[in-house]
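Across the two complexes that follow, chain A remains constant while its partner is chain B and subsequently chain C.
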Partner chain A sequence: MLPRALPIIAAATGELVDQSAGILNLGVEGIMLIGTIVGFFTDFYTGSLLLAFLFAGVAGTLLALLHAVASISLRADQVVSGTAIWFIGWGLSGVAYRALFGNYLVPPTIAALPHLQLPVLTSIPIIGPILFGQDPAAYFILLMIVLTHYFLFHTQTGLNLRTVGEDPRTAEEMGVNPIRYRYAATMFGGFMAGIGGAYLTIAVTGTFYYDLTAGLGFIAVALIYFGKWKPLRTLVGCLVYGAVYVLFLTIQTHFLMIPYQFFAMWPYLAIVVILAAVAAKSGGPASLAKPYEKGA
Partner chain B sequence: MVETARVLALVGFVIVAVFASSLLFSLFGIPPLTGLVSLFKFGFGTPGAFASTVGGMVPLLIMAVGLSVPFTARVWNIGGQGQFVIGSIVSTWVGLEFAKSAPPGVVILLALVSSFLGGAMWLVPPILMRIYRGINEVITTLMMNFVSVFLLDWLITGPMEGRQAIALNEPSSAPLPGYLMFPSLVPGTNIGLGLVFALFLAVAFFFLMKYTRLGYELRLIGQGVGAARYAGVAVERDMLIASLISGGIAGVAGMVQIFGATGVLLPQVFSDITTSYGYVGIPVALIASLNPIGIILSAFFFSGILTGAYGMELAYDIPIDVVTAVYGMVMFLAPLGFHIRFSKRKLRV
Partner chain C sequence: MKNITKTFPGVVADDQVNLDLFPNEIHVIMGENGAGKSTLMSVLYGMYRPDDGDILVDGKKVKIKTPIDAQALGIGMVFQHFSLIEVFTVLENFAIGRKGGKVKLNLPELEARILAAEREYGLSVDLKRKVRELSIAEKQKAEILKVLFMGARVLILDEPTSMLTPQEASALFKSLQSFKKEGKTVVLITHKLYEILEVADRVTVLRKGRVVLESAREEVTPSILTEATMGRSLTAQEYPREAAPSTGTLAISRLSVKGDRGETAVSSTTFDVHRGEILGIAGIAGNGQRELVEAIVGLRKSQSGRIQLEGEEIGGKAVRERMRLGLRYVPEDRKGRGVALNLPLTYNALMRDHWSAPFEQKHILNFGAATKFAKEIISEFGVVCSSESARAASLSGGNLQKFIVGRELLRPTRYVIAENPTAGLDMAATDYVRRTLVDHRNAGNGILLVSGDLDELIAVSDRIIVMYRGQTSLPVPRKEFDKLKIGELMLGQGFQSL
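And then the complex of A and B:
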């Protein structure tokens, strides 16, 4: 359940900070795809997990920077710019795979991540492996979302950032530079989405195929709505999502007479139903997706 | 003046985007400029390529027109792909079911109407959620695309599975009888009734935007919901109507593709840009700033790039995904055109 949820958790963490500052980045899907290929390629050639995640994060940051320039400095429509980022990431990841691995007849794979093994603790039934048997990247991603909660709601900088998302004019009068905050938040969002994508290839699939994320980036955005822009509530949403996903995979193997397509389509339908049931009209940052013009 | 500057800026951006993406060719050992020249040669350079580019415009043009209606009001229907799939499912079913019992004209009309209704219906839940609960329609319409792809996959391997396989190892529905297919207007090409229909829709869109109250109100909403409401526009009703038109036209695009080109329901691969007309329609519409004549030109341009990329894949083994990246870069630069337009013209009520 956790491996399925972690890419979404990473992407949602970044996007949450992004949206809290008032920037909607629908390009997460494309940024995750770039993360999948960069992480996979780096791991395949260097064997260094640290470098793989780092490069994936940096690649994600660069792609997010494009979105930042368009939506913050040029005040373009964020939905349009985000969709463009998605296409760029989608196309580039496919092209990059063919350019880098095109001459392999069998898709190359990489070794699975090493998992933590603690004496006694890891061997506790059920909760042992969940709490003490994960890979290092998993702990990093979980730590990031908890830190994000602390940052947003318990630090002055976090408060400033949320003020920028609510009302950039007031923030500026308080001496906070909304443009700078929005750039930083968007780039952090790209970094985490890149990490999430890398986790998908490095820890979950071990290989790359076209359009690997299949909507995970958009699901991350949807789970932020579910989480009402609160990191811990969003985390719960991601975990439940991952759990139910695995549950359905298990059920599917017991009900072979039901066509598999019905199991495959449920996660997407579920997101629509969950949003209809849970999301409220208000709740998001008041200035989300609204460009800010200095002194206008 | 502003209008001219905007058009010039757009043309400049498109050139930059195409040049930037041609750098991708060098990854495969082909100099960017040579790659660019062959891309255009394979896309537009020979009579055969030109004909497939014109024929390939049809689904893109219909789709872009459909998407432009709500885009004008800044309602983002990203689910055109799903509505397209539903439209093709419904129209194929109608075609196969009534082929023997009704005259061809009636069957085609029935398929047209039902694909419109099917596509529109597919958009109803997300759009009601957007209008009445403020839930981002990009996410929900996109989720419905995935659902439609699996639905299609189930139908052509189950209830609608064809007796004779069209392509080896590929599931498909039974083929439509030949007399239901749109006739080709230029022998030996796929330029047919579909193109006439697509151009007709573009003209209808022009009239909708220019001469009707709905078109005027959608533009007002696009410039600012608050101001539009203040001016007495029924924002919710207009958004709903625009979306139903959009979903319906996307469904019709699916019908035209079945009756005008494939003649059979084929599997949809989500990540395959070459058949993802619902996705490609988005940049086609945006790069033209939702202008009807511009949409015709950009559909031609996008179709040409796609045809060209097919040629490049065959000739140089360059992945067709290059196209997706090109589309993304072109679309990325389109918002800048938007920016110039919307910041210079402030709405006065």
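And then the complex of A and C:
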């Protein structure tokens, strides 16, 4: 359940910071896909997990920068720009895979991440392996979402950032540069989505295939709405999603006569239902997806 | 401020304005809408760059490029829409953008310092509450405290009482008096006469971007201020008027209407528009004129009261039904409400009457008739356009207005509601629209003309009533038109305070 949830947690952490500054990036999906291929490729050729995650994050940052230029500096419609980013990531990851690995009959794989094996602690029944038996990247992602909560609600910079998301004009009047904050937030969002994508290939599947994320980026965006722009609430949403996913995966193996797509559909459907129930009364940052023009 | 000039495309907002501000004074800047008061203060606060002129602080020339520059010089401004984040607490709002502190927010330390400031300035605000839970007066208090806390020596308030109750307003004035005693300069932008008489030490009156009066409080009287604000020049243009028989009435009685925020915008108003007359409604924008018009036309629900068109109650009827009974409407918002910008003039011509012959026959629209009507409007009203199939958006503001006025007035009607029909038009177009209205009056139609331009009302109206804070005055007949007297009414003189 946790490995399935972690890519979404990473992506949602970044997107949450992004949206708190007023930038909606629907391109997370595409950025995650770029992260999957860059992470996989780096790991495959260098064998360095650290480099794999780092490069995936940097690639995500660069793609997010494109969204930042379009939506912050050029004041393009963020939904349109984000959708373009999604398509770029989607197409580019598929093409890159073919270009880098050719057409294998048996897809290349990498070794899964080593899990921590702390003596004593991991041997505690049930909670032992869950709490202490994860891989290092998992702890990094979980730490990031907790730190993000602290950052947004307990630091000066976090308050400034949320002001930018609520009313950039007021922010500017109080000496906070909205443009700079929005750029930084969007790039952080890209970095974390890249990490999330890399986690998927490196720690979960061990291989790359076309459209690997299958909508995880959009689920991350949806779970931010569910979490009402609060990191810890969003984390809960991600974990529940992970549990639902694993549940249906398990059920599926017991009903082989039913097409697997039928089960694969449910987690997405659950998201729609949850959003319909929650979204009506959720209030996001007041200036979300609204471009800021100085002095206008 | 010396020789400040600021122009916007097509308008000179401020023309070589000089203004001196001193400590220990409340300086009121007065003027009509568009006189350049707010622009002048926005220049001082760094929101706009002046085209020309200098700003000197303590004798030294300064450049104010942003509000941050202004704040550093001790200049703070409180806008009508506050610079507060609704979902934050008051305390968090004070903490935005603070520099030099630690990474972690230190709210308790900040709170202690704000509480000290609260005591110093005699303003108490609940710092722990979210801004959205506060009343407008409380938000304003928080905003003023914030501006003072950030070190303002000059406190500029833009129409601070426009949304306050009289009690809240007098509490605010008491605070302003105490800031003055502490050596601050308070600048109050207003067009309300009684506020000036109550709190001002000095008054500057702006009209059409120029300073027309600058004087100490003791030296001004209501009539001097009114004259300075409104100007004395009476319009030279005369329109031929014929005695028109009055054969019917649009009667408004005890009509109350709520505004967008649920406040009472029109309170128990009663007046009649007779056929064969132009009834002018004067008043400074925002005193309930818009809501009144919308209620009569059917775009806004009235709370109580009656609207009777020649004896028939129309208050509950749909817009189309009211139009069918003989009401036409020239809206102020010509691009938003008057036309569909992206459609050709032909379509726009049939819009008001798309449900009636000859434009609609057996549920089929007759575009032949629409084209003919569009051509008629264009030739009768001299609308400059490429052809009747030109998009409405391609017309200039004046030509668009001529087209709308033509559409509303060329079809048979009994009453016309016109809302600032000449706003933004050049002299020739203005003259044409006014002439058309008078022609309609002469032809025996009743016209309700809402206008912010007193000269216009005096030029064409048979009677004028003044709207102030949702109330209407008794009608002033044409032979008793007196610009100064009507001007005083517009500024609230003679209205019982609410």
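Everything that follows uses one rule, which is that the second predicted complex is superposed on the first by the 288 of 296 C-alpha atoms of A that agree within 3 Å, B and C clash if a C-alpha of one lies under 4 Å from a C-alpha of the other, contacts with A are read in each partner's own complex, and residues count from 1 in each chain.
Simple rule for what comes next: a residue touches a chain if its C-beta (ideal position, glycine included) is under 8 Å from a C-beta of that chain, and two chains touch if they have at least 3 such contacts.
Remember, it's a predicted structure, so these values are computed and weren't measured experimentally.
Looking at the shared chain after the overlay, A:146 reaches neither chain B nor chain C.
Of the two partner chains placed around the shared chain by superposition, neither chain B nor chain C is touched by A:249.
Looking at the shared chain after the overlay, A:275 reaches chain B, while chain C stays out of its contact range.
In the superposed model, A:88 makes contact with chain B only, not with chain C. Legend: residue contacts after superposition of the two complexes on their common chain; A:163 is shown touching chain C, with no touch to chain B.
More residues of chain A are in touch with B than with the other of chain B and chain C. By the document's definition of touching, of the two partners only chain C reaches A:174; chain B does not. Residue contacts after overlaying the shared chain place A:155 against chain C, while chain B stays out of touching range. Put simply, chain A uses no single residue to touch chain B in one complex and chain C in the other. Those residues of chain B lying in contact with chain A across their complex are 24, 27-28, 74, 76, 78, 125-126, 129, 132-136, 138-140, 142-144, 146-147, 150-151, 153-154, 157-158, 270-271, 273, 279, 282-283, 286, 317-319, 321-329, 331-332, 334-336, 338-339, 343.
Listed in rising order, the residues of chain A touching chain B in the complex are 24, 26, 30, 66, 70, 74-77, 79-96, 98-99, 102, 210-211, 214-215, 218-219, 221-222, 225, 259, 261-262, 264-265, 268-269, 271-272, 275-276, 279-282. Within the complex formed with chain A, the residues of chain C that make contact are 47-48, 66-68, 71, 83-88, 92, 95-99, 101-105. Only residues 154-160, 162-163, 166-167, 169-176, 283, 286, 295 of chain A touch chain C when the two sit together in their complex.
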